[in-house]
Each structure stands twice: as C-alpha cells, then as structure tokens.
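Note that the chains take the letters A, B, C and D in the order they are written out, and that residue 1 is the start of every chain.
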Amino acid sequence: MAVTLRMLLAVCFGLFVLPQGRGQTPAVSPSGIDAALSEDIVIGSRVLAEFGVLDGFGHVSARSSTNPAHFLLSRSLAPALVTADDIMEFDLDGNAVDARGRSLFLERFIHSEIYRARPDVMSVVHTHSPGVIPFGVSRVPMQAMFHNAAFLAAGAPVWDNRKDFGETDMLVRDPSRGKSLAQMLGDRPVVLMRGHGDVTVGPSVKMAVFRAYYTDVNAKLQSQAIALGGDINYLTPGEGAKADAINFAVIDRIWNLWKMRIAPNLAK
Amino acid sequence: MAVTLRMLLAVCFGLFVLPQGRGQTPAVSPSGIDAALSEDIVIGSRVLAEFGVLDGFGHVSARSSTNPAHFLLSRSLAPALVTADDIMEFDLDGNAVDARGRSLFLERFIHSEIYRARPDVMSVVHTHSPGVIPFGVSRVPMQAMFHNAAFLAAGAPVWDNRKDFGETDMLVRDPSRGKSLAQMLGDRPVVLMRGHGDVTVGPSVKMAVFRAYYTDVNAKLQSQAIALGGDINYLTPGEGAKADAINFAVIDRIWNLWKMRIAPNLAK
Amino acid sequence: MAVTLRMLLAVCFGLFVLPQGRGQTPAVSPSGIDAALSEDIVIGSRVLAEFGVLDGFGHVSARSSTNPAHFLLSRSLAPALVTADDIMEFDLDGNAVDARGRSLFLERFIHSEIYRARPDVMSVVHTHSPGVIPFGVSRVPMQAMFHNAAFLAAGAPVWDNRKDFGETDMLVRDPSRGKSLAQMLGDRPVVLMRGHGDVTVGPSVKMAVFRAYYTDVNAKLQSQAIALGGDINYLTPGEGAKADAINFAVIDRIWNLWKMRIAPNLAK
Amino acid sequence: MAVTLRMLLAVCFGLFVLPQGRGQTPAVSPSGIDAALSEDIVIGSRVLAEFGVLDGFGHVSARSSTNPAHFLLSRSLAPALVTADDIMEFDLDGNAVDARGRSLFLERFIHSEIYRARPDVMSVVHTHSPGVIPFGVSRVPMQAMFHNAAFLAAGAPVWDNRKDFGETDMLVRDPSRGKSLAQMLGDRPVVLMRGHGDVTVGPSVKMAVFRAYYTDVNAKLQSQAIALGGDINYLTPGEGAKADAINFAVIDRIWNLWKMRIAPNLAK
C-alpha cells in the first residue's frame, strides 16, 4: 500500500475528520442511536478526561432526541476510551433497551432519576472532579468566582447519602438513591455529592460538560481565594444569572477548541 | 507522491518554518494587515493557551503599525486556534474595518478604549488567568514576588464593574465599560477585573504577553508565600522599576523559546 | 523494507499489543518468571511514573504465583524504564534467586518482610508519593476523602524509623527495619514512612497500584479540604469498608485505561 | 531517498543516540571543550526546563575538567534550547575565553565567584525555581522534608541583595554581587536569592542538577506540610547527612531516566 502525505498527516497527528451527521432529522446508527448526540457524548467524555475532571470513572449522558423517556449512556467503560459504538439506550428505570450482554454502570440511576425529575434537562454529567471533592466534605459552600462559572451563583447544594440511607458504599446504585439526589439538585445546574463527586446538568451535552469543567475550575479558584484570607467578593445571584446567559452564547467557541484537542484521541 | 525524510520530519514534528516577513517596511497580507504583527498575535495567543493562562476565551491585540487609530484583533475564536488569516482590523470605536460577516469578540472595547486612552500602549492582552482570578475577588493586593514580574511593583488595581454599572453580565461589552476599565488601569501595565480576569498592556506584543504570563506566575507564587504565613519581603517599587528594565533586555530569550514550542501547533 | 500503514500506525502511536499470556497455568519466561505477573509489575511501575506518584525511585513487587515464599521485583532501575526482562526473583530474606550481577534495590526488605508478615498480601508498592510526604511529617492523620480511597478509612499509620533505629539514612536497608515497618503496617492496606514516602499493599498488583495512586490523590484532596477551614465530613469506617468492596469490582475499568495510556511507552 | 522503519522510528520518537564520548581523557570538540561535560550541561538544562524548574531563564555550568580556573556555560539562551555547540568557556573573572561575538549571560558572575570561593564545587545551577521563590521572600526557612532533599538539612540561607547593594535590578551582574552571594552560600549546597530564585552546587553536574530539582520538590512539599497546620517532623541534620550520602549512590538511576526523557528534545 502506498503511503501518501495526506495519510502520514492523518497517522501522525491523528487528525481524522469526525462524523458530522447533523441534518434536519437526526442521523442514526444501525442500532438506532442518534449519531450527533453520540458524538457529543464521546467528545464530552474525552474532553473531561483530558482535563482530569474525569479519571477512570464517571459518565456523560444525553436524553434521547427521539424519545424523551429514554437516555443515552455508554456501557461501563473509562470515559477516555468511550467511542460511538459504546453508547447504549436506557429507559427511566435504568433498564438497557438492548443490553446484548454489555456491562452497565452501577450508577446509571443518577441519570435516570434526574431525567425523570427534570424535563428541561437534556444532559447529565457525573464526575469525581478533584477540585470539587473537598467542598463536598466541607461546610464551606461553593460560590461563583467568575463569569464562566456564573451558574454557581444559584448555589450548589451538597447531597449526603448518609442522611437518608445510613452507612452505604457511597454509590447511587438504585432508583431510590437517584431520586434522593435529584431532589437535592432541585432546579439547579449542579449538586455536590459528599465523599464522592458531583453532578452537572444542562439543556445540551455541551452545556452540561461546560458546567462540569467550570465547576472544577471554580472550585480550585475558590480554594485559592480562601487561602489568601479575608472576605471574598463573589458574583452576586443577579450577576450570575446575567453572566450565565453569555455562556450559552459563547459555548461553541470553547467546544470547537475541545473538539480539535480531542480529535486525535478519537481516532484511537 | 514520494515521501522524503525532510517531509516526514515536517509531518511528525510539525516544524514548519514561520513566515518571517520583517523588513524595513511592514510586509502586508492581501488584506493589508501587517504580517509580522499578525504573527506576534498568533504566537502570543497560542503561547498563553499552551501555558493555561488563556483557555477557550481571552484575546491578544496590537495597535496597527500604519494607523495608530486602528488595532488588530482576531475574529471571535479560541486563542489556541488563531491563525494569521483570522486577524481583523478595528477602529477605536470597536468597529471592524472590513468585517465580511465574521463574528466579533463582544469585549473588543477593552482594547479600543485602552488604545484610545494610552498612546504608549502598542498591545493589549485580556485573559481569565487562573492564578489572578482569586486576587480579583480578594482584598489582598498583588505585589511583585520576583524580578520577572517586577512590573507589578507599580501596583495592580482591581476594577469592579459593579461600582459604576451595577449588576451586569460582567463583560466589557460597550465603550463606556471599556473607558471605565481604562481609567482604572491608568498608566500601569496591569489591571485586574473582579470576577473575570485581567488585562496587561505593553509597548509591544511580546511585552504584553510576557506580562500576562508573569502576572499569572506571580499570582501563584504570591498565594504560596501567603500560605507560608508571616511577613513577605516583596520587591520595592524602586527595585521593581530597575528590574523591569532588564525584562525588556531579555524578552527575546523567552520569546524565541515560546516560538519554538508553539511552532508545531501553528502548522495545524 | 516497505512501509505499510499498519506499521506507520504502530510506529507513530506506539500501539504495540502487550503480551497477554494469561492461561490456566501461568506462562513463564525462559528465566522461569510468570509473564503475566511481570507484565502487571511493568504496567504498574510505568503508570505510577506517568502520574508522578513515582519519579526516579520506588518499586512495585508481586508475590510469586508458584512459590509463596518468593517475590518478583525489578533490578535497581527507575520505574518508568522497567521492562519484563528486568524482573528478578527474590526469597523472603531479600536474596536474589539468580542475580547474574544485576544491581539490587537497597530497600527490597520493605517487600520481603511484608510478604513474610502478611500471607494475604500478593503485591507491595513503595513510592515517594508527593501528596503523601507532607502527611508523613505532620501530626494530621490521613483520612478517606472519597469512595475510591475508601481503604484509608481503616487508618494509615506513620512509621518513624528514628523511634527504633535513631538517626539513620532513612532507608529500609535491612530485614530488621523491614520487620519494624511491617509491624506498623499491621493488617492495613497503607503505611506512611516519615520523611520518605509510603507503602501500599493488596491482594493483586492491580489493587496495590490502585491504592498507591488513590492514596496520593486522597492526600492532595485532604490537604485542600483542610485549607478550606472548618470540620471535614470524612468517610466513616463503616462507609469505607463497604465502598472499598466496590473498588475491587471496578478495578479493571481503570486498569484497562492505564494499560492503554502506558502501551506506547512499553514499546520503547 | 528510501524510508526505512528504523528511520521512521528515529523521526517519530526522536530517539537519536546521544554522543557518549567518555574516554580516559576527556573528548574535546573542535573548540577544545570537554564533550562529556557539555553533554551533561545540555541534559541538565533541558531536564530542569522539562520539569518547569527552569523556564526561559537560568543556567547550568561546570568547572572545566582541564583547567580548574575556567568553567563552561552556554551563551545567553533559554535552557531548553541549549546544545553542545552553545557551550562557551569562561575564566573566574567572568570573561569569555573566545566570545566570537556571542551574547553572554549577565549573571555569569554567580558561577565565576562560586567557583573561585569553593574549590570543591564542580557545577553550579541557577534557577527561578517556582517552588522556592516563596521561601526567598518569607521568614520561614526551608527544611528537609524527605531523604532525596536531605542536603537541605544543612540549612538553606537566603541572600538579600538589598542588604549590601540597596535597591538594585536584582541581578548578580558583577563580581562584587557574585562574591556576596558566594559568601552567603558558604560551605552549603544551596542558597536562596530573595525575589529572584536560588543556586545549587555540587561535585558534579548531575548532583547540582539533582539538588536544583529536589530543592524545588522539597519547597512544594514543605508548603503543603505547613498548610496542614501544626508541628512538622523534619529530617534532623544527622539524618540529613546520612541520607545525602545515599543520594550520591543512586544518582545515576534518576539521571539515566532524565536522559531518556530528554533525548527526543536533544535531537531538535
């Protein structure tokens, strides 16, 4: 087989073109899964892994574009390794539509119960975000440090599973724990989980991933500000609401950057 | 097409030669934009992204070399992706000279109003520098920790948009906010923006980028020194003025390093 | 020699397939060493180096699968450079079975004495984990911050060699110091070493490496939580025991990720 | 030109063989400079840049192997870019033996005056080590956190140029400042420079570089231990002396690792 310069470029930089597939009606794979949504889940999973917000654990899901009572989530797999072929479809009881023997995330009930409780939510991200974990075991509440994390000005409550369920293995491994977590989330974009991590939600995969990323960034910035000592001039709720509207307007600027960064890994 | 070793080297390391184009009169692209200035903007944008001073947002500009009432700034794009083709020309009211439908940064008024207020400034850099954001919401003033950040010995004021404009979306999205920010900057090289980031300026793109980088480094070093506890022996204003003169003398040493680091990405 | 696309892929990404060799009876190399165990030691050493838990020093060992009174450990070499060919066999007095002039780790007695004292332990990892070292010289005990580090809820004692041995070179360089360290470890998964590092143990190389990694992560998270100020809501011992059982169930998810990340380096 | 697999490997991984050139009598380049010493300076410079101990500034030198009143230091260049061709020879007054128009480091007097004052020193490293700078402006003395940084148990004094020279540009730009710094160093391995960085020395390039690296590591670990609160159980001077002897015994283990890591960059 002859080697062309174009092939070498592709090989060495891994700059494989991502499937676009966004038409008026969603393109679907042979398994019937929306290709564009799958691609967003893959990119989001890998971006958060690239930035260390996810390590070997955690997951990104999306509500189905064709059936609002279903959602898409990968089989049990490290997020950095997720491909479109790994995306499965689930109902709101956390049952796989077509499991074909694939292993499932124990904590898929985080997703199912939030989709059930929040019709506005189109995507859910669960991470063990290293910046955020300290706030989940502290009495210091997270607050919005800057405009990219403006959504935190609405408050980020901490869910402590021990309150309702006693001493557990910390996992959201059944619908009742998922429901309890969804109740603590309420109508907000973020909920922290004591001794575990956090969950962010949004009206699109892009926004839920954006919030997972900036929740981690904000946590680190807030820790640094606290360490300086003295009062901190956080964003007010009013500023937060206005600034968050801008985040929706500029999301594609950072999403396109992330997509470029992650493209080589997608080719693996 | 035959593959040569030289081609492979270029492909695998991406060591493409940057256009030099610095003659007695500025080389200009077909669009009439100074090629050397564009190159500095591209390098500066990508260097600051490489070091995490910039993420998907923020921007580097330069005053036009042919018309001091105009400046160069990229279209709305993540700084890590900026190429010479993305550089546009603006007037001091923030109007694009030849927009051709390209989308513009909402915050171009940071640049236009500083160029208006400060004839000595030839470059402006706006970042969401993660080291600096904690100081923008704290009452602890930034001070110069070491000679490379000597320019901070002149003081780095904090601009709080809420003072003049109430609860906003935090952005410098019109001339009046740009003017207010420029007033707080005064004749200094750096101004912090509460809940947002900072702006550095300089007599060249290199110096403005150098200052953006070392403002971030200094912020992190100062945070660490404060965490040790006790008094801190900062650079005095007299030391700062003398040491900053040296930074001008050695700027090419680090700029050439940065240019080498960033060259592979420029080829993408 | 003709260049194929497959070869280029292998060359540029280094995605060489690892030898699997896990059958009903352990595959052995010409030297008689279990190939699968050697591979786990190599992967574990390189993963911990990749994450900065190990730098040029530290080591990963495994109890022999054929002789429980022997263990496998590399010759004296930086962990990032260890290959299967470097793995040697030792008895519980720390003597090499077939040294062939290779240089040995001074601290192999960490391993020999823990294997002697703890029949349940199948793997021992010694690191200079940068997150953990501060806890080894502090009076603040490490505690479990989240479920992945649930094994720390059983407590992580600090071994101070000065107590029994006076002012030494800090190394566990003979059986008596190894025995003293093993006594402080007791039946726990982790022991810290003052002014030196820590040791983690487990029922497999995977689990001992997992614990070394998450001990480092937990130390950094705990430091951050302490810096926030106020009480910390650590995992309780009951939660820790339950959550640690889950870690055993999900270990392959992160181990497979690590193996993928480390594969290119293995090819070097 | 035909492309072989070996060539591709060399191109893609940059695994070019370093010149060895270590015979009984030092191999010398056409300029008469000891090739092995030059190689150590190049490796040391690039390793410290790789780890962020050096950025665009700072330098590594070695006393000449043939003339103890001369030393080797690169021309003024970012350490990450230094090659053997950039190494120059200087006398103890800081004069270049054969300048050939090359630009010189302003601070070469750090090196000349320490070589003059300390016949035992064969290598000097000057960095703006980010871990260390906070200790240079603090009243908290650096102390040895662990055995790899055992040399710090002898104490690390802080040199404040303002004491003897008033408000300066902070640089060691003449013999008198170099002499003052050398006096503060005394017979120790490390001296901190207020508002600037630090200097480490050793009986070989390897040991001076090792000390520069672990001084930075130790500073970060000590900062973290202090942030935990309470007393810290540092290495005693007696432990430090014993443990430092081990560092000499194991230096090649980490040096060989560093050489491997840095080899690809050397080929650039």
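One rule holds for everything that comes next: a contact is a pair of C-beta atoms (placed from the backbone, for glycine too) under 8 Å apart; a residue touches a chain by one contact, two chains touch by 3 or more.
Please read all numbers here as calculations on a predicted model, not as lab measurements.
J.: Pick same or different for copies chain B and chain D, depending on whether their interface residues overlap by over half.
T.: Looking at both copies, the contact residues mostly diverge.
J.: Through what angle, to the nearest 5 degrees, does chain C rotate to match chain D on its C-alpha atoms?
T.: Angle of rotation between the two copies: 90 degrees.
J.: Taking the mean of the C-alpha atoms as each chain's centre, how many Å separate chain A from chain C?
T.: 31
J.: Quick one: report the Å distance separating chain A from chain D, using the average Cα coordinate of each chain.
T.: 44
J.: On chain A, where are the residues touching two or more other chains?
T.: Within chain A, residues 3, 8, 12, 227 contact more than one other chain.
J.: Residues of chain A touching chain C in their complex?
T.: Result: residues 1, 3, 7-8, 11-12, 14, 55-57, 76-78, 80-81, 106, 128, 130-131, 133-140, 160, 162, 167-171, 194-197, 223, 226-227, 268 of chain A touch chain C.
J.: Within the complex, which stretch of chain D touches chain C?
T.: Residues 3-5, 8-9, 12-13, 15, 144-148, 150, 217, 220-222, 224-225, 227-236, 238-239, 242-243, 245-246, 250, 253-254, 256-258, 260 of chain D touch chain C in their complex.
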